[in-house]
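The two complexes that follow have subunit A in common; it is paired with subunit B in the first and with subunit C in the second.
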Partner chain A sequence: MKFGIVVNEGPYTHQASDSAYQFTRAALEKGHEIYRVFFYHDGVNNGTRLSVPPQDERNIQSNWTELAKQHKLDLVVCVAAAQRRGILDESEAKRAGKNADNIAPGFRISGLGQLIETGIESDRVVAFGD
Partner chain B sequence: MSILHTVNKSPFEKSTFRSCLDHAKSGDAVLLIEDGVYAATKGTAAAKLIAARNGDLALYALAADLAARGISETSVIEGVSVVDYGGFVDLVAGHDVSQAWL
Partner chain C sequence: MNTQEDSSGANGQKRFLYVNRRAPYGTIYALAFDQDVSLAFLDDGVYQIVKGQDTEGIGMKNFSPTYRALGDFEVTKLFVERESLEERGLSSDDLLDITYEDEDDDWAEKPSIRIVSRSQMTEVMAAQDVILSF
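On to the complex of A and B.
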């Protein structure tokens, strides 16, 4: 079955991203397909490569990156939510006149159309938030 | 059409659990995750809400979130089934729609 995952909260403050990650792993282990993981609202903060949590603590952002690498996941960050929160890729940084970008490997920035498409193309959509 | 409802907040903090029970139809399932698992503990006001729907809804609580909060399975209300993340996936697959009460 094709699953779409929506993550509406950032890492560490809420459990949403942890729950979504564990759910995604379990779905993959059961042989399901993850059509896309869409990060919306504060959820876009899961897509920065600049966070440096203590080494003995889970790294939520890099966990997503690793999972994406292993399973070729499509991790999409909402562009408008990302711009407000300073999550930029190279082209967005250039467009906004910023001197750096911070999108994590495995993530890409796109629009809400990708969320709609997730709803159309997935058999099930599961949302995680506050 | 059957719906899987997920509730992630304690019934003593937010009203989402009550709203969920008020909206859930016979044959739906409710999965308690994160702080929502507090609704699955015996002897609370929330337990009475669950008892009022007994047999009407399928109730589940996520094992990892119970364990993270020190709630042993013996403290869980009878009739609430404890599932792992794999069980969560099966519940989503087994219902037509998932509704997260955020």
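On to the complex of A and C.
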């Protein structure tokens, strides 16, 4: 089956972003396809490369990056939600006159059309977080 | 009432339903993109479309007038759950006047808001391809 994943919650908040990651990994291990993972609302905070959790703790952001690398996942961060929360790539930082960017490897910033396309192209959309 | 009369999802469109369960000014969103789009308002989500909103005191933009523009984007089905209104002491008279122009009926202006019962809302949801809750 072809799944689309929506992540609406930030990392280390409740369980939603962990659950989204575990679900995505389990689906891939079972041979399913992940059309795209779309990060919306506070979910965009999963896409920063600047988080430094304690070493004996899971690193949610780099888990996504690793999973994306292994499976060529398309990890998309909503641009409007990202701008409000300070998640920037190089060109967004330049456009906004900021002196740094923080998007994690494997993530890209794009618009809501990518969420709708996920709904159109996937057999099932599974949303995590409210 | 047949809640599915014109949600046929023609031309390879999918039926998208955006569910609003929260009071306004916590989250903001907007979506259309040439699909068969409906909105559902239940629980505190019904406060999203209450008229006469004054946001000055909370320093946030009053975006409720944008709901009136939905008809221009061919979003013409706003399902509002009757029980959610009643539980909050609200009625259809308290809601924004949201209309669309029906191109199949000589552009007659028609109400977009459809008050449905809780059980009708389950039928609305069952008929969708994609449901996103905000």
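Convention: the second predicted complex is superposed on the first by the 129 of 130 C-alpha atoms of A that agree within 3 Å, B and C clash if a C-alpha of one lies under 4 Å from a C-alpha of the other, contacts with A are read in each partner's own complex, and residues count from 1 in each chain.
Criterion: contacts are C-beta pairs under 8 Å (C-beta built on N, C-alpha and C of every residue); 3 or more make two chains touch, one makes a residue touch a chain.
Quantities reported herein were computed from a predicted structural model and do not represent experimental measurements.
Comparing subunit B with subunit C, the partner in contact with more residues of subunit A is B. In the superposed pair of complexes, A:H41 makes contact with subunit C only, with no contact to subunit B.
Of the two partner chains, subunit B is the only one touched by A:A27; subunit C is not. Contacts of A:I120 after superposition on the shared chain: subunit C is touched, whereas subunit B is not.
Residue contacts after overlaying the shared chain place A:L112 against subunit C, while subunit B stays out of touching range. Shared-chain residue A:Q15: touches subunit B; no touch with subunit C.
In the superposed pair of complexes, A:A100 makes contact with neither subunit B nor subunit C.
Of the residues of subunit A, those at positions 125, 127, 130 touch subunit B in one of the two structures and subunit C in the other. Those residues of subunit B that touch subunit A in the shared complex are 6, 8, 33-35, 64, 84-86, 88-90, 92-93, 97-98, 100, 102. Interface residues of subunit A facing subunit C in the complex, by the touch rule stated above, are 6, 41, 112-113, 115-116, 119-120, 125, 127, 130. Within the complex, the subunit C residues that touch subunit A are 14, 16, 21, 27, 30-31, 33, 35, 129-130, 132-133. Every residue of subunit A that touches subunit B in the complex is listed here, in rising order: 1, 3, 8, 15-16, 19, 22-23, 25-27, 29-30, 32, 123-130.
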